[in-house]
Structures are given as C-alpha cells and as structure tokens.
Amino acid sequence: MISLKRLIFIIFLLITSPLLSMPAFSAEAQPVEQQAAVSAAESGSLTHQMWRNIMLGNLKIEADHTAVDALILQGNIPVTYEYVATLMRTPNAFGEGPACIVCHSSNDPKRSYRGLDLSTCEGILRGATEAPVKPAIVPGEPMKSRVVQKLRNNRMPLGVSFLAPIDTDTINGIKNWIDAGAKEDDNFKNTILPLFSTPKAFGSDVACISCHSSFRDPPSFHGVNLTSYKGIMKGAFSKSNAKLGKPPVPIVIPHDAANSPLYQRLIENRMPPGIGPNDESDHPNTHLLMRWIEQGAWCK
Amino acid sequence: MISLKRLIFIIFLLITSPLLSMPAFSAEAQPVEQQAAVSAAESGSLTHQMWRNIMLGNLKIEADHTAVDALILQGNIPVTYEYVATLMRTPNAFGEGPACIVCHSSNDPKRSYRGLDLSTCEGILRGATEAPVKPAIVPGEPMKSRVVQKLRNNRMPLGVSFLAPIDTDTINGIKNWIDAGAKEDDNFKNTILPLFSTPKAFGSDVACISCHSSFRDPPSFHGVNLTSYKGIMKGAFSKSNAKLGKPPVPIVIPHDAANSPLYQRLIENRMPPGIGPNDESDHPNTHLLMRWIEQGAWCK
Amino acid sequence: MISLKRLIFIIFLLITSPLLSMPAFSAEAQPVEQQAAVSAAESGSLTHQMWRNIMLGNLKIEADHTAVDALILQGNIPVTYEYVATLMRTPNAFGEGPACIVCHSSNDPKRSYRGLDLSTCEGILRGATEAPVKPAIVPGEPMKSRVVQKLRNNRMPLGVSFLAPIDTDTINGIKNWIDAGAKEDDNFKNTILPLFSTPKAFGSDVACISCHSSFRDPPSFHGVNLTSYKGIMKGAFSKSNAKLGKPPVPIVIPHDAANSPLYQRLIENRMPPGIGPNDESDHPNTHLLMRWIEQGAWCK
C-alpha cells in the first residue's frame, strides 16, 4: 500500500497543475518569446494583441495545450498578487508539499520558520527577519529571489535527508575554505578536494563527482566539474551554453560562503518540505510566481 | 513520459472534484427535482427540510455518493459568492485549466483578456468591458450566462486549435451569410452549404456533417442537421426532445451572426484554456456556479 | 468508465494531500513527541529549535517525507486561522468531498445546514445554532470538538446510506433505552440486545457484532463488545490499551443518549458528505485543524 502511495504521488506531481501540459520552457527562453509578441501597450488590449499575434504568427504554438503558455506567459499578462496569495495558501501549489503559509505565516521567528511571513504581500517583501536576514524577493529578478531559488533548488547530494544536520565537519570544511579565500592550498588539496569524490561525505551515499565531473551536460549536471580546482572555480560552465556565448555561473565566491552555490546547495533544502528531487522545477505555478516577481512584485 | 502525462491528465480530470461521483444530471432535470423537495422556507430549516424530504421519499438517491447531490443541489441551499470567489481563484476548479483570475482579473482590457474581472463580484457582474461588450452573467439565467456557456462550450469543429484564427474566409463567410439574412440563395447553395461537408474548412480535419447530419442523437450530436437549408434553419431539433414536446433551439438568427450558435461555435473557445473537448461539461463546480446564478448571483 | 472513476477516486484520496506521505500517527502519540522536542519559547526561534532538535536527536524521522511531520506537528508551530479558513473553502481538503462552506456558510438555519457557519472564525466558534445547539469547537480539546469528530467519524453500521432515516424504530429503541437509564431489564434482553446481532437492524446489511464482538482489536474494532450488557457498559476497552493503563471509553451514558457514542454513531454521518468509510481518518489536514484547536482555536 505504501509503495502504491508513493507511486501515485509521483503520478500526482505530474498532474497536479492546470498548466502542466505546457512544454517545459527554460527561464532564459522566455524573454525571446516575449520580444516576438506584440505587447498589450502597443496594440490596445490583451485580446487584440492575442489575435494580432496569432495573425502575425508570433505566438509559438506546438500543440493545443500550449494555449495556456501562449495566453499567460507569452502574452505577458500581469500576474496579480491575489493569485500569488492563493498559491501561498494552497497545498501542492508548487508540487508535492504543504501550503507555504502553514510554516511561514508571521514575521515573528518564534511563530514562523525564519520569521518569514508569506501570508501577506508586506511579509513577502519583508522576507526572513531572523538572522541571517535575507530578502525573499528581489523585484524584477526572479532568478535572484530566494523564494524562487528555494522552490527550484535541490539540496545536495541527491538523497540527503531534509533534516540531515548542516553543520557537520565536512560541510563546515567547505564553508571555512571558501570564507578563507577559496585558495588552492594544502588544505584544499588534502582535505577539501577529496570530499567531492567521497561517498557519504555530505550525508547521502552518493559522491558529488558522480554527477558533477565535467563541463558536458550530460553526463555531468549543469556543467559543474568538481574534479579539480580549476573546474570548481570555473563554475557551472556547460559546453552547450558556452557555444551560445553564455558565461559560466560561479559556484564559489571567495570569502563569501553564504552566497556561494557550492555551499548553499549543501545546506539548503528544497521547498516545500517533502518534495522529491526529481519533481518538476519548472512547475507552471513557479513560473507564474516568477513572472509576478519579474513584473515588479506589486501588491496591488 | 509526455504520453503518460497526458493519460494521467485525463484521469485527473475524472477525479479532480469532490462532487464528481455524483451521477451526471442534465440542467433541465433539476427544476423537477427541486419541485419534489420541500423548501427550506416552508419547513423551518435546511436540516429539518432534509430529514422531512428523506421521510417523504422526495430526495432522489441512487447510491451513497449522491448524498452530495441531494444535499446541495436538490436541497437548493444558497450558494454563496464566497464559494464562487474560491472557484475563480482555484486551478482546475472546472476541469483542467488555470484559475480564472490568472487571465481575468481586471476590467482594464490592457491588463486582462476582454477586460473581464472575475476576481471581484462587481467585476463578474460588470462582465467584459472590451467591445463587443457582453455581460458574463444573466442573474437567474445560468444557461444564458456567458461564463457558463464558455465553461460548457466546445469550439467547433472538434480538434480545432485554441489559437486557430477566427477571421478566416470560411468563418467570415458564415458570418456574412447570417448577417445578410441567412437566405437560401445562390451564395448559400454554392458556397456556404458545401463548407459543412468539407474537411478542413474551419481549421480541423473533421467536416461538420461528420457529427451533425440528422435530427437523431445519436448518431448526430444535439440533433443538429447541417446537410440542408431546412435542417440548418430548424436548429438543434433532436427527435427525442421533440417527443417530449420541447421546441427546437435555433442555431441561426438571421441578421445576427453574433448571437447565432452556428457562428459562435466556430469562434469561441471553451474555458479554461487547455481543457479538452471530451472533458465533463457537467462538472459539479460548474453546476454550483450555475446554481449561484440561478439564485440571483448575489454578492452577499 | 464509472468503475474506473471510483477506483481513481480511491487513489486520489491517497494522494490529495501534501502531507499524506507522513506515516499515520495517532492523536495520543503526539503529546509525547512534543514533549521530546525543545519548544520555540525556550530556544529563541522555530528555526533554531528545529536545528537544535535535529542535533539532540529529538525529532523523530523515519524517512525523508516525514520532514513535514517533524516541521509542522512535532515542531508545534502555530496553525493560523488563515490556513483553517483555506481548508474550510477548499474541496477535498479533508478527503473526498465538497468544501465545508458549500453547505455550512451561515448561522441562519434556513440558509445553512444546522445553522453552522464555517466561513468565518466567529461562525466556527459559535457552532450550530439550530436546536439541539452544539458547539463545533472546544478550544484546547480537538478530540471533543464536533467538527473533528464529524471528520473522523464513520456512521454505523458500515455501508449505511448517508441519507438513511435516523428515527427508525430500532434506532429510537436504542435512544429510549439509554434515556431511560440503560438498565439490564426485560426490554434490554428481549428487544435491545438482539438488535446488535441482527443484520439490517440499522439500515445496512451488516450486523453490529460482525465487527464489535470482543475487547480484542483485531478482530473486534476499537475493542467494542456488543454481545452482552456487561460488554456494552464497559465501552471501548481494547486489551492493548488496557495493558497501557488506559481506561475504557464509555459508549453508553445512562439517561443521556445524545452524548452516548452508541447512539451517536447510528445517526451521525461522517463529513464531508460522500466520503467513504475507509478514507483516511488521520488526514494530515485534519491533524492541522486539530492542532489549531489544541492551540486554542485563535482567530488571530
């Protein structure tokens, strides 16, 4: 019975959203699509714009079910706070997991994890009030907004328990090495680098380099190469992105472990709690939330 | 993977609602059931009425799961705007599709398709503000309310893409013929009538007469016969309805294409976008919305 | 098609909640878990408390998916009325069934079953206003709160229709016997006791003693023994609970049928209507509602 439940959970995640039949689209791809479409401002109304874009062939339509993608995301209609408020209150809104406001409903850290209030627009804009204080939202910058990062993140290594401790010797080793400047010193060579090839170093059975061993994705994930100092410092550098002229994304920021993805990924769980690492990180509701942030995260 | 997703979608549509286990019931059948039941006004309270109707045998109960039907729809309890507000905000509330308010949350046509605001009761009552202006609701008349029509509608012909253009030569041909009086002239004989038997005439592979070729339903759908002028002008005239003394429903209103179902069905997509043509048009939540309209569409 | 629907319904019930992957836990077991954990008050913040409890090994974690259980219920974070409000408005929130507010949205018995308003916090606290007046909530006492009892209850005998009459001769026989003092008199011996072994005595095919014939659970359910006067008056007395020193729970309160579980179970349907007797009575959202009540049922 339990195994059926878990199977069904996986199925449910595939079906829980109205928008799910949309083909997955990358965050980077959206602006291109937007540019192709006529904006509401220049064409009078959203409806007029839609029909005009249909006639101009500007809407990318691959199948009937992409109507939703075309209407909402390509159409770039304003996402209201009211819908965001609904998402924060609804179980399974971003994949398997409790409603955000169950755990995050107050700016008082004694009542709400991280002192984060996702039950009001003011609370969302205020962000986590518990030290280390961090904003949940960077208006206009969905990919820099922690609420989005937390929804799309997977804690590493894959398989690590949600409640596995984060201040172990090995994880603190990474932190201290970065905060000390992330140098290629003896400590790095003898202690840090070997961790990435050691199973169970960070709380799961799998070693980091099982998935992060080259700039090719696949077989490597996100073009992250943890097999050498040079690879680590280059960051996420997939060869396919490189061909498109995209710069690598740093994963280590010397002297700043807190903002270094290499460390963050070891200590930050994906939200909502209970969601699986294979669950859709491009959930349509996540993209609607991202669009709201991109449009300025307006409360009214 | 995609094909599993789509299969699961279909399954999901079957299960997404709490009321779905209710047997489908036709809109016409409801008043009869209501008449049979003792009303709350004459029996003191809803609970008293329910038990009295049980004792009188007035509640139609075919299986345990019809309890919901009996309690809510046969019981004719007032549907509150508050519940309607929830439906407007909830993904999948009326079948597969995004929440209504994602696309319809303002009376400003630059911010919301058709300038339709479904996020407030006032906005619902105001309807679409973009020309051609149309009310979303006719209080007391659920079947005449466009919000209901749009939820129960299927754009024709089956299989046509949501974003297929609506001002093609063939569709405009139908429009102009109706607006010119819908006469049995040479234009009708040579140009209009053949369209109904031509595959791909209106954007899908199927010809209209594949499903609309006689007054018998089945094999014809809704008793619509598009094989002759006489058949078209008689409208939806199923023989089984005729035996019950029900008049045919016109599908062509001469000089008024905008209100002629024959034209409307060619240009109006079913809501919410992405829903399939085979999805339940008698969704329980659609019936609760209809009941709210029937009871007067009161905001308080 | 219908049978597939029903099968899918059952599956859906297994998957409808974000918290469902939590192992079922008994209401009695929670306080123990809470005691084991460091409270937010003594440790500064919920987040600090969580990490401290992780380090102390105080969080009971059996698998990744129990993160939710650990964070919310073991963490004993305050459940807000706002989330309770969401639950009252959401279809399927507590298992298959319509949103509570569809039927219970006013304190006027002519508009709402039992004059119960679950659409406002004041209405929840006011309870049913129709005679017999009963509170829905006992703040601090989830198991004594009727809203919880109704969600976890199954009307007896299993299989009885939701709308089966409740003032039959046999049910009234039980009521009158209890109200007259629940004595072991001739009426009991000749009329009452035989009812429990008679199929169809109370509206379903199954006799009470099919499931309630000893203090052993299993095979008996809840350790209820309806085969003798002594057994009935001892109440729910499972041998396993007895070994733990727990007293039996009375099912008959002489002179007070209304508060006697033996009678209540014959007349009170499980909520929401349409839910099946095998559906999860420990639904995670039911436990969140219980936690809100346990914490005082505060509106703010």
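Chains here go by letter, A, B and C, matching the order in which they are written, and residues are numbered from 1 within each.
Throughout what follows, contacts are C-beta pairs under 8 Å (C-beta built on N, C-alpha and C of every residue); 3 or more make two chains touch, one makes a residue touch a chain.
What you are looking at is a predicted structure, and each value in this text was computed from that prediction instead of being measured.
Trainee: Regarding the subunit A and subunit B pair, does the interface count as same (over half of residue numbers shared) or different (under half shared)?
Mentor: Under half shared, hence different.
Trainee: Between subunit A and subunit C, how many degrees of rotation does a Cα superposition need? Round to steps of 5.
Mentor: Best-fit rotation on C-alpha atoms: 120 degrees.
Trainee: I'd like to verify one number: the distance from the centre of subunit A to the centre of subunit B, where each centre is the average of its C-alpha atoms, in whole angstrom.
Mentor: 39
Trainee: Scan subunit C for residues touching two or more other chains and write them down.
Mentor: Subunit C, residues with two or more chain partners: 11, 90.
Trainee: Applying the document's contact rule, which stretches of subunit C touch subunit A when the two form their complex?
Mentor: Residues 11, 14-15, 17-21, 40-41, 44-48, 50-51, 54-55, 59, 61, 64-65, 67-68, 70-72, 77-80, 82-83, 86, 90, 284-285, 288.
Trainee: Which residues of subunit B touch subunit A in their complex?
Mentor: Going through subunit B, the ones touching subunit A are 4-6, 8-9, 11-12, 89-92, 96-99, 101-103, 105-106, 109-115, 119, 130, 161-163, 165-167, 269, 272-274.
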